[in-house]
Structure formats: structure tokens, C-alpha cells
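In what comes next, chain A is part of two complexes: it sits with chain B in the first one and with chain C in the second one.
Up next is the complex of A and B:
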């Protein structure tokens, strides 16, 4: 169990703000911090990573104190056993992919882990290449693999996929989920992408003004109302076209694109890029064995 | 999408499914079948306020009440407007429980001689009715 109860006064974009976060993560959990910019998401990760020292409170990880204001404990980042991946990859440009991963090995650590990570993230073919020769998605795969070389107790991800195009993002989500499962990681992700959160995460902490405003499974957070339709997905509106007296909406649901017919009343409040709940009765779809 | 509000007046459960009766007025009740039971869906409670939702493309239009069809969900109304396209037409119907939209073929509009102020019956199969809190 990872348990955090910290307070810190921060200078936000709109003046001072009180970060006041209580959260707990079970081992093996994949949780997400969600909320507007300036709500305290990155500060929360930085506190866990040891890059920011709170004013008050404690951070306890599997019984070990990482931070305790009263006992004056503040374990430095290097001694916490965390993996941290940001939006920019921060790889060593002059080293090969293999060297980048080997550099992250601890003293005397068996290098088998590097091979295993390269296997899972399909980096073997790129091992002798250098980061500037790689695409953004490939570099982020390296950054992800590197963060896991030391088999961290806690993996912290600060919008790691936000800069990538949609297709690459969807592929990396699969790698991320596979790594999380394979290594039994405890992962805390910052993401604004509801589809991504629904796909990866089992628990969401919704932050507002430095506090946790809401927490629960993604379905409870993002699906505003309970609807009886059993055929339910969250999607993103890609296109809205008028066809005679109805509208045809093109909607991305995970990595599939579907079309939905809608009336004017539904379309009036929608625009391209909006997240939507797509619901139908279980009675409607037909099935074909493939 | 059409949305009507009523109160749950009956829940008939069999296995994992429930046939839910929603009372909108003294005279008008509509029914929905859902793959939920009061054990799995906390909103399935007698007397609870509930929304019935159904797509305009699932609304069948009849011009008489006593048609020999299986549909039981039938709402009487007056046609307010007809917006005609080449293939499809959108009908706006004023009923005692609020406006209902229906999208049917333009051919059927013509065949049934539907025009403003026609008296119509909007009908919906019970498996097309969704419930929402």
C-alpha cells in the first residue's frame, strides 16, 4: 500500500494555492490523476518522486517512510525506487538504445531485465540505433522501458503519450498496459484523455484546486448518468455531417471508428473532439462469428 | 433522441431481465425491457422518477389506434411539422407528455398522407426503450 497525506503551499498561475492531497494506492493498481491544468496533478507526482518537499504530512510506501514532516524524513529521489516518464523522453542522444537502457541498471544488477523489456516493447530491432534516429513513439517506448529497468515500486507517468499522434498513442497504451501487468507495477498516470483512462485505469482521482474532488472507477467518474443500455462505450467525435433530416457522427471508440445517427437535439451541444457516451440497448447489435 | 419522464409503476422480473412499466399520466403508461433487475440496478424502485429514452429512428407512426400490431407503447399526438428529405423525413409530434420526434421514410409520409395537424400515434417497441435516472 502506498499512502500519501501531504499539504504544501504552491505558487500557481492564479496566485498561491494549497496542495492538500490524501490518496492511497494498492499494490498492482493502475490509477489516474485527472483534472484541469493547475489542479495539482504534476505537483502530486513530484511529491511522490521526491522532487518536491511538502510542508506537512507523510508519504509511506509499503511501510517505509519516504517523507515524514514531523520526523524530518525526506528520502531523495534516487533512493525511492520509482520510475518516472514525462512527455519529453529525456534520453541520452549520443548513446544507443541498448546503452540508454543499460545505463539505468543498478550496480551489479542482472542485465536480463534489459532484454526482457526490449522484447515486450519491440525495441530489439532498434537496439543499436540512437534516439535522434527514432520516431517520437519509438523514443517514448525507450523512455518507458528505461523507467522500468530498476523494477520500480511505483511508476509515475506525467502525460507520457500526450505529444504522440493517435495511432502511436493507442499502440503505446497497449505496451503500457502489458508492462504494468507483466511486472505487477503500481502505476499512477496523469492523463486528459478519457478514452485512455477508461482503457488503462482502474481508479481515477479527479483533482480540482489542489484537492481530490472525486475518486472512483473511471465509469463512475466519466459516465455522468446511469443509463440502462448495456452496449456502452465512451468515444470521441471525429466528424459531424448532416444527411437530410438527420446527422451522421463519426466517432472513435478506442481504436475503432464507428458511425452513429443522431438528431438535432443531440448534435446541438456537440462539436468535433468532444467525448461522448455511445449507448444502445443490448437487443440491437447483431453478431457474426469471425 | 426522445426523452420522456415518468415514475416506475411496475417491475416484472424474470431471470436477469425486467419488464418495467413507467407511468407518465393517469391514462398513459409505457413499458421498457432491460437486462437489469432491482438487485443490479439501484434505480429500479417502485415509484422512482425515471426518464425513458428512445431514438427518433425507432418511432413507428400509425394513423389509427386499433391497428393489429404487436407494439403496445403508443402515444397519441398531433403532427406539428414535417421536414421532408429525399429519403427520410423528420416529424415533430406534440403529445400530452411532451414533444416526440420521429424519422421515417419520405415515402411513408406520402403514403399515409401525413401533414401538419394530422392525428398520429407514435409507437415504440419496448426493447428500444432505455431507462435513465
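Up next is the complex of A and C:
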């Protein structure tokens, strides 16, 4: 059980901001921090990791105090046993992939874990290459594997998949989920991608202006209550075309692109790039035997 | 037969000075790149002073401070057996301070230019600051280190005012090439002055050229 209740004054892009976060995570949970830029998502992660020291409050993890302002406790990041994946991956450019993972080994730690992680993340073919020679998705896999070398209980990911193309992102989501289960991790992810959150996460904290505005299962956060359809997908509007009396919307759902017919009233509030929920009542599904 | 001693002494001084500067410059530059202390601007100013101050000012105060007739110089002489005026040791100390910005600035800007996440990632792995600096940060600023080493070396080779003030002109001890040139010209000995000058010119030219070739990546094809 991870519990934090912290306050810190931050200098944001538009003036000072008060970070005031209370959150609890159960062991084994996969949770997501969601919200606009500057809402305090990264700061929350950094406070948990010990990279940022709050002004007030406490962070308690599995009964141990990691931070307590009153008792003046601040456990250094290196003693927290955290796996952290940075937005820019933070791979060491002068080391090979194998050396990057080996560097993360603790004193006297058995190096079998390195081989096992390379296997799971399919990095064996790249072991002697250096990070700058790798594609974004490959670098991300290295970052993920490296974060798990010390077999942390808690994995923190700062928008790890944001810079990748869709297909790579989907593959990496699978890796991430696989590793989360395999290592019995408690994972806290920052993500902007509703589809990704729905797929991976069991709990969402929606942040706004340094506070948690909403929390709950992703279904409750992102889906309007009144929808009763049996099929529902989130997607992104790619194109809006007018055809005679109706509009045809091209929508990307995960890695498929579909066309959906819409009326003028619906289209009026939409523009390209909007996130939409595509739902269908379950009375006329088309079934194919595979 | 030309007297090579001033030239050898110059390069000996530059080498020793650069070695000390490396030992002093790396921790100082690292501290400047991470600290949020209020004294940082003060330290930065002091480090940069030799850039703007006439070398004679620096040399003058060294002369006063190290002179055995004064309290500090007396103390050095009594307790450490160090006589820093008109000695090679004094030249090294003065050169270290005089060339300090040329070592600290490139390393500091190299370290500041690295993404903060590199050090943080290593810190999260439980590595000590020393290990992080040695194994993660320094290997990624090799060009800055090379620049710092070469500029300090070349700057020490080109030193004149400080050496003149504090070192005097003792052959084999403090008579470096730049002083020797001045000396020979005063004695209307243009041939000798030209010899020292051309050697200094060629060597420093080659050193700087090497740095620009390495940092510009022109030599990569030879070792890949």
C-alpha cells in the first residue's frame, strides 16, 4: 500500500502553483495520472521517486516512511527501490544496451535478471549497440528493461510512449502490461492517451491545477454515464467530410481506421484531433465465424 | 646551439598546471552545475576574474601574499617549507588560478548541457555521486574535457604577466619561454627570440588544430 499526502509550491509555466496531492495505491495496481500539461503529473511522480522534495506532508510505502516533513525524513531516491522510466528515456549514450542494463545492477546482485529482461523485451539482438543507434521504440524497451533490473516493487513511467508511432506504442503497451504482471509490480503511469489508459489501467487519477480532480476506474472517468451500448471504443477523429446530406467521419480506433456516419448536429461540436467515443447498441452486430 | 631549457620549462609548467587544474576543475565545475547555493554567483565571479583582470594584478597580489616578509608567506615557509615567490611551485599555483576559468567553464557548460535525467536515472539506481560523475557524466562530456585540458594548457603556455611578477627570470627555475623571448628582444638578440617564438607558435597551433579536428568530428574516420 502506497499512500501520499503532500503539498509543494511549484513554479509553473504560468506563475506559481500549489501542488496538493492525496493518493493511495494498492499493491499490484496499475494506475494512471491523467490531465493537461502543467497539472502536476510529473511533479507527483518525482515526489514519489524522491527527485523532488515536498514542502509538507508524508509519503508512506509498504509501511515505511519515505518522506515525512514533520520528522524530517527524506529517503534518497537510490534507497527507494523504484523503477523510473523518463520521458526522454535517460539511456546512457556511451554504454551499450547490455552495459546500460548491467550498470543498473545493485552491489552483489545476480546478473541473470539482465538476460531475462533482455529476453522478455526482445533486446538480445541489440545488446552491443549503443542507444543513439536505436529507434525510439527500441530505446523505450531498453529504458523499460533497465528500470526493472533492480526488481523494484514500484514502477513509475513519465509519459513513456508519447513520442512513438501508433504501432510501436501498441506493442510496447503489451510489453508493459506483461512486465507489470510478471514482476508483480505496482505501476503508476502518466499518459494522455485515453485508449492506452483504458487498455492498461485499473485506476485513473485525473489531475487539474495541482490537485486530483477525479479518481476512479477509467470507464467511470472517460465514458459518459448515459451510454448503454454494449460496444464502445475510444478513437480520434482524423477527417471530417461532408457527403450529400450526412457527414462521414474517419476515426482511428487503436490501429484500425473506420468511417462513421454522423449528423450535422454531432459534427458541429467536433474537429479533427478530438477524442471521441464510438458506441453501438448491441442489437445489430455482424458476426463472422473465424 | 639554442637553449631549449625555457621551452622545456614552459611545457613542464603547462603540464603540471593542467594536471592540477583537472583535479580541481572537475569537482568545482560539477558543484557549479548542480548547486542552488546562494554563493554560486560569487564563486562563478571569482573563477572568471582571471579572464578580465590584467595578469599583472594577479601576479602583484601573489607576490605580496607569498612574500616571506608577510604573515601568509611566512606561515607557508615555516609550516610547509614552501617558498612560493620566485620558485616553480609558486608558478604552478599562480598558473592554476590564472587558467582556472579555461578549465572550469567548458566542463561546467558540458555538464549543464547534459539532460538532468541522466544523473537522476543513475541516482535512482542507488549509485553514489562520485560513481555517477565518473561513469555516467564525464564519459558523455569528453569533448568538453578535451577543450578544457587543451585551453588550460595553451593558456598556461601563453602566460607572461603573472610569471614575470611572481617568477622572476631564474634560468631553469622560472625562466619560461615567454619571458625568454622578452629577454632576448631586450638584449637585441632577435635570432633567439625568433626561435622561441616560432616553436611556441607551431606547437600551440598544432594543439589547437587537433582540438578543432577532434571536436568537429573530422578525425572520426580514422578510428572507426
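The criterion applied here is as follows: the second predicted complex is superposed on the first by the 289 of 290 C-alpha atoms of A that agree within 3 Å, B and C clash if a C-alpha of one lies under 4 Å from a C-alpha of the other, contacts with A are read in each partner's own complex, and residues count from 1 in each chain.
Everything below uses one rule, namely that a contact is a pair of C-beta atoms (placed from the backbone, for glycine too) under 8 Å apart; a residue touches a chain by one contact, two chains touch by 3 or more.
Here the structure is a predicted model, which is why all the values come from computation and not from measurement.
Colleague: Superpose on chain A as described above, then tell me if chain B and chain C fit or clash.
Modeller: fit
Colleague: Now for A:281: first (chain B), second (chain C), both, or neither, which partner does it touch?
Modeller: The answer is first: A:281 touches chain B but not chain C.
Colleague: Just checking: does A:265 make contact with chain B only, chain C only, both, or neither of them? Give me first, second, both or neither.
Modeller: Touch status of A:265: first partner only.
Colleague: After superposing on chain A, what angle in degrees do the C-alpha centres of chain B and chain C form at the C-alpha centre of chain A, to the nearest 10?
Modeller: The angle comes out at 150 degrees.
Colleague: Quick check for you: in the superposed arrangement, does A:137 touch first (chain B), second (chain C), both or neither?
Modeller: A:137 contacts neither chain B nor chain C.
Colleague: Does chain B (first) or chain C (second) touch A:12, or do both, or does neither?
Modeller: Touch partners of A:12: none, neither chain B nor chain C.
Colleague: So, A:82: does it touch chain B (first), chain C (second), both, or neither?
Modeller: Second partner only, chain C.
Colleague: Just to confirm the value: shortest Cα separation between chain B and chain C in the superposed three-chain model, in whole Å.
Modeller: 46
Colleague: After overlaying the two complexes on chain A, where does the chain B footprint on chain A coincide with the chain C footprint?
Modeller: Comparing the two interfaces on chain A, one with chain B and one with chain C, no residues are shared.
Colleague: Which part of chain A faces chain C closely enough to touch in the complex?
Modeller: 49, 51, 76-80, 82, 84, 86-88, 90, 92-94, 103-104, 106, 146, 149-150
Colleague: Flag every residue of chain C that touches chain A in the complex, lowest number first.
Modeller: Per the stated touch rule, the residues are 115, 117-118, 120-127, 135-136, 139-140.
Colleague: Along chain B, where are the residues that touch chain A in the complex?
Modeller: 1, 32-36, 41-43, 53, 55-57, 83-90, 101, 103, 127-128, 130-133
Colleague: Can you list the chain A residues touching chain B in their complex?
Modeller: By the definition above, chain A touches chain B via 225-230, 244-246, 261-263, 265-266, 279, 281-284.
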